[in-house]
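Both complexes below contain chain A, partnered by chain B and then by chain C.
The block that comes next holds the complex of A and B.
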């Protein structure tokens, strides 16, 4: 008997004893293939997220300048210039809205910039503060009293600042004659706050980046889980607050045209189109070969990936079939909007059920307990 | 080295390998009998009808209280009906077998008056008033609503999760702790108590932790059983609890008290961890960006968390949760919910999250 034999048998027995006491470690079944998840996260951080916030900062600065010009000299010329600046900033925010985790979530950016009203609210009455509402009562009261409730975590606060409030105060039918010193100050206060918040989130990404790229897990709160959750969440926003609820899908067919996103600025349809384009860009990693879509392929889910991309294209095509403006189209082109809604629904199923399942991610924003 | 030495060494190591899994030898004179652990809870003498009836009564009360949440208009509830459900008098349940069961949830619930007051409060605040800080009434939740008190507590959830804690979990802790003290040969009593505890989990005898049970499935796990998948997936609660119940039940018949008691420790620790995982979820989800500004979602979540934290009051003696941390959790969940939800940085809820995470390894 060679000593080496004894060593092997000893190792075998120890291994057996360890195995018999402990459950085998869970294998990470998401780690098939040789996909480089770190490279994917680096791509998202460096090529998509961080540059997007930098652009948002620029757009907010330009918006700030345009508001100053409009406030000091309210006329159709300054208003038109403001509308361009507003649209640029709002569209850019739609791109950034997908990154609502980490610094943005800590800053509660989405609520303060562009409150969706939450997915747990549907429309019942025109006056209810739901979806992309504007709380004109609170706004006008804030202006009259030269005060604001911006930091309050309440619906009245969210609907009285950010894009909802700007959209109303700058583009409501009497925006030009209604301008006065108090109103001008309120507008400036809103955009100053948006500047502070977007600067903070952009700055926070500098330190958050290493946390983001350094965690390739898929558990709740991980970057990959956040990416999947945000894609699903933004699809739910497109399905409900953007299209379905104004169309009457939660109100037995009663249309709520004024609850379209950025109703007064008249860019609801452009925002919806940007939303699906951004979702596709985020999902595909902007065609870099290092996106979630490539990750799906590496997991042996090429067919699902193809289906998701194709359905995103179908939704984009259907939105193109709708003629601007969306609030009018809700009634004048009901069939086209309804057809879009149905395709959005199909995409929601793919990204909210199939996508989380194959990436081993749990959808955490929806309460799934059924009670 | 010769073969004899080799075999001796190997045998010694094997002995070591197996004894490493057991606790030290006990001095019981009764020898362990051979037994097999089945894969389903189909023990010949298994009977947990009483536990099942208690679970089903709680489910019926929950469903009755939830009627108030339907739509946006007032749906009136009947106090007498609710009283009868708690005392099981006057045939209050739709399942006639429950009416004839001779049991009622009041008798098995600790702090029963408090738990019933939660249910009663649903009726008290079912007024149609719009709730706000300091004012009880309705809060919209989707196309329906929830009924909350002046501090934002949704009393229906306080009742349901509170009952899961103060009746079902408490009974499991009480029963299994007592089983631990039973003599090796007292198998009939131990098995009956074991079955009663198993029944509180409310899963089918052939429970499959990997299966997604449809809401229409008649075998669908109820209450805690439902939470095995809902909040317990990440901690493997379904498989751990079900397997421990099977193994411990088999061990009783085999006079194997060491294994029996080990399984009790496993069950109580995992069940408590499941309550913690659920509580953690519900003190976290209301702070998510997608929930902020949405009191229907936030208050509902916190109210569930409130009910799950009630479980810790009945935790086993060897719980990992210190008395000090329990007091802190209790204090936080008893703070006005509107205060909690408007704190910058959600300091108290984050403190609660940290206690639950560090204590229970979540």
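The block that comes next holds the complex of A and C.
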């Protein structure tokens, strides 16, 4: 060997030996062991996702029947029955909203069912269609002209169908006197489309299931990455469109009460509570012992897991401190809502920083190279 | 001593190694650019984002829009092919270097060490007569044919390869990597889907094996490649190592293949002549007239080479001039061959405040940045400050007076719990960007 290489090698060996002397005490790794990711995915598919879509199908059918009843005889009785059916369906959709990958993603279900306005959209003025807005102008125009553009991929289209439109047409202050044949038809068209879409997603899961449970990778677009990303995304929705933006966080304290989710149906707070409950249920695998939380424990991250679950409980407790309805509470109980917002922000950090870093999952759908 | 080294540098050696290098480099670059285009990354990285994180001193670099960017990539692809075929080689290398470097300078958040490596190699190729044998240029202008080149022409490429490896190795000599198997112990359990080896990915000793093997490989592989008796054996390890990284970490893209192909530069001239003799249309080196390639102004070249080598050897150590934990502050982190070295994740909440009215707005990062930009910005101090300045500018345009920008940034390093990254009371928009230490980054607490 030429002298120069010998010198280099010697330096490197010495460097290594010196560093070896500083060996610190090892951390505890007793928790670490094999984890059956396939069993986790089977649990998610069979016990959570597929049954949730089946329930959604039922709820949408019941909603369809309730809308028919309300449309044929609009009165406070049929409207009250409709509100129950509506709340059931919307709450059930919040549970399903976490599964926005695979069939739901292909069907663009989330935009057509319950458009959030997109997180990459500035939430600034009251008139602009952002967050959980309702595009009443487009809706009324569609009704007047007996037309719709439901399949169009535009914000106006998303804001004129699904839960936002139902919520407005069924529960706005003059929903009963305003009912007429055209309006009835529009309502029926909306819910028929929701039926078609939910049926399609439920049916597609039958074939997608094997793809889902058969892929235990963690790269972008894999089931595990999707689960982590959806939890992070729904936390962002809870932080922005559900609570923070209506509260005026993005608008220097100017409150936008009417932009609360399902404002006219008056179930904004219930929906927010359901959101955190279903995030927790998704994260923990509904206590099955085969959830993402159990994966964390198997990775030696029991403390982080405990803290994430505890923070989810704190957010739920803070939401319980707010008195219904949320749109009023934004001003009358600013402190309570603001306290909730702060706890949500802490949870966002846990699920967008700590959680992905220990599961080697990237928060982002970009699939470019890294090093 | 200097004249002796200089005469060694200019001693004629076979041109064959740099001819192979030119061919495989051109081919790989063409493939990389085609892949980049096919994946739609020209659009997602350089056309759609409304804002770009520019490099210090290169703030004037701007993307060229949809058509312009695609034309740039077309030029890059064509010049890569021209390099491969050795057609109008000098022009092709200059075009390739300029286009590639321009694209890399558009946005810091797309920085990758191997892109820096490609820029450097493209720069070196401009000066190397790698088209003087087995090329279209040689067919067109037979009198240009050369069989030998000054020794430094081969040596500088070997040096550049060795720099990548050795510095990547030195970078791994830190306690987390060696004694805690970080971040391998975080990354490997995500690879349990792999056939055969999958179940072992949960084993801690496997993470240690990967860490130590990686460090030892990077530190020593270049020397074993340089030393003729160990060379074939070392190249076998190059194959094993880079194929393994390609399987385990597919997200690193073309890098393993670039290193596998470019490591051939360590083989001898006779090896490369034999290799090239399998190529179509190759005429035996001795069958045709040729000249000895020599550079005018040998002394100037020696000085230039000396400067280049000094820069390459010193620049990666600039982090030593900064206080604080390198991985936390990332001062002197880029352009230093720190490849796949840490797991760093962050998220950030920015607030913009009107100096006059004290009105404040919480910023929705997604409205200003792409997911990739937001991810990169949230862990790198200079990008945080740059983004704060951008926000101040944006909100000034929206009517705010002297907007102040504050941020709550949380960062998790190597699997530790996330903690506050920058001083929440500091107006980040007012912070100067530069080479100085950023005091508004909170100190790292282990």
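Everything that follows uses one rule, which is that the second predicted complex is superposed on the first by the 331 of 371 C-alpha atoms of A that agree within 3 Å, B and C clash if a C-alpha of one lies under 4 Å from a C-alpha of the other, contacts with A are read in each partner's own complex, and residues count from 1 in each chain.
Here is the rule we use: a residue touches a chain if its C-beta (ideal position, glycine included) is under 8 Å from a C-beta of that chain, and two chains touch if they have at least 3 such contacts.
Fair warning: this is a prediction, and the values are worked out from it, not measured in the lab.
**Student:** By residue count, is chain A touched more by chain B or by chain C?
**Tutor:** Comparing touch counts on chain A for chain B and chain C gives C.
**Student:** Per the contact definition in the header, classify A:364: touching chain B only (first), chain C only (second), both, or neither.
**Tutor:** After superposing on A, A:364 lies in contact with both chain B and chain C.
**Student:** Answer with first, second, both or neither: which of chain B and chain C does A:217 touch in the superposed model?
**Tutor:** In the superposition, A:217 contacts chain C only.
**Student:** Who does A:105 touch here: chain B (first), chain C (second), both, or neither?
**Tutor:** first
**Student:** Using the superposition on chain A described above, determine whether A:115 touches chain B (first), chain C (second), both, or neither.
**Tutor:** A:115 contacts chain B only, not chain C.
**Student:** So, A:34: does it touch chain B (first), chain C (second), both, or neither?
**Tutor:** Only chain C is touched by A:34; chain B is not.
**Student:** Quick one: is A:244 in contact with chain B, with chain C, with both, or with neither? Answer first, second, both or neither.
**Tutor:** So A:244 only meets chain C here.
**Student:** Please indicate which partner A:154 is in contact with in the superposed arrangement: first for chain B, second for chain C, both, or neither.
**Tutor:** The answer is first: A:154 touches chain B but not chain C.
**Student:** So which positions on chain A get touched by both chain B and chain C?
**Tutor:** Correct list for chain A: 1, 5, 9, 16, 20, 119-122, 219, 250, 362, 364-365, 367-371.
**Student:** Where on chain B is chain A touching in the complex?
**Tutor:** Residues in contact with chain A: 1-3, 5-6, 9-10, 13-14, 16-18, 20-21, 62, 66, 72, 140-143, 157, 160, 215, 226, 230, 233-234, 285, 288-294, 296-297, 300-301, 304, 341-342, 344.
**Student:** Within the complex, which stretch of chain C touches chain A?
**Tutor:** So the residues of chain C touching chain A come out as 39, 41, 44-45, 110, 112-114, 166, 169, 173, 175, 178-180, 186-187, 189-193, 199, 202, 204, 215, 219-220, 223, 226-227, 250-255, 339-340, 343-347, 349, 359-364, 366-367, 370-372, 374-375, 408, 410-412, 415, 417-418.
**Student:** In their complex, what parts of chain A are in touch with chain B?
**Tutor:** Listed in rising order, the residues of chain A that touch chain B are 1, 3, 5-6, 9-10, 13-14, 16-17, 20-21, 100, 104-105, 108-111, 115, 117-122, 124, 128, 151-155, 158, 219-220, 233, 250, 362, 364-365, 367-371.
**Student:** List the residues on chain A that touch chain C in their complex, please.
**Tutor:** Spelled out, the residues of chain A in touch with chain C are 1-2, 5, 8-9, 12, 15-16, 19-20, 22-24, 27, 29, 32-35, 37, 119-123, 215-219, 224, 240, 244, 249-253, 298-299, 304, 345, 348-350, 352-354, 356-371.
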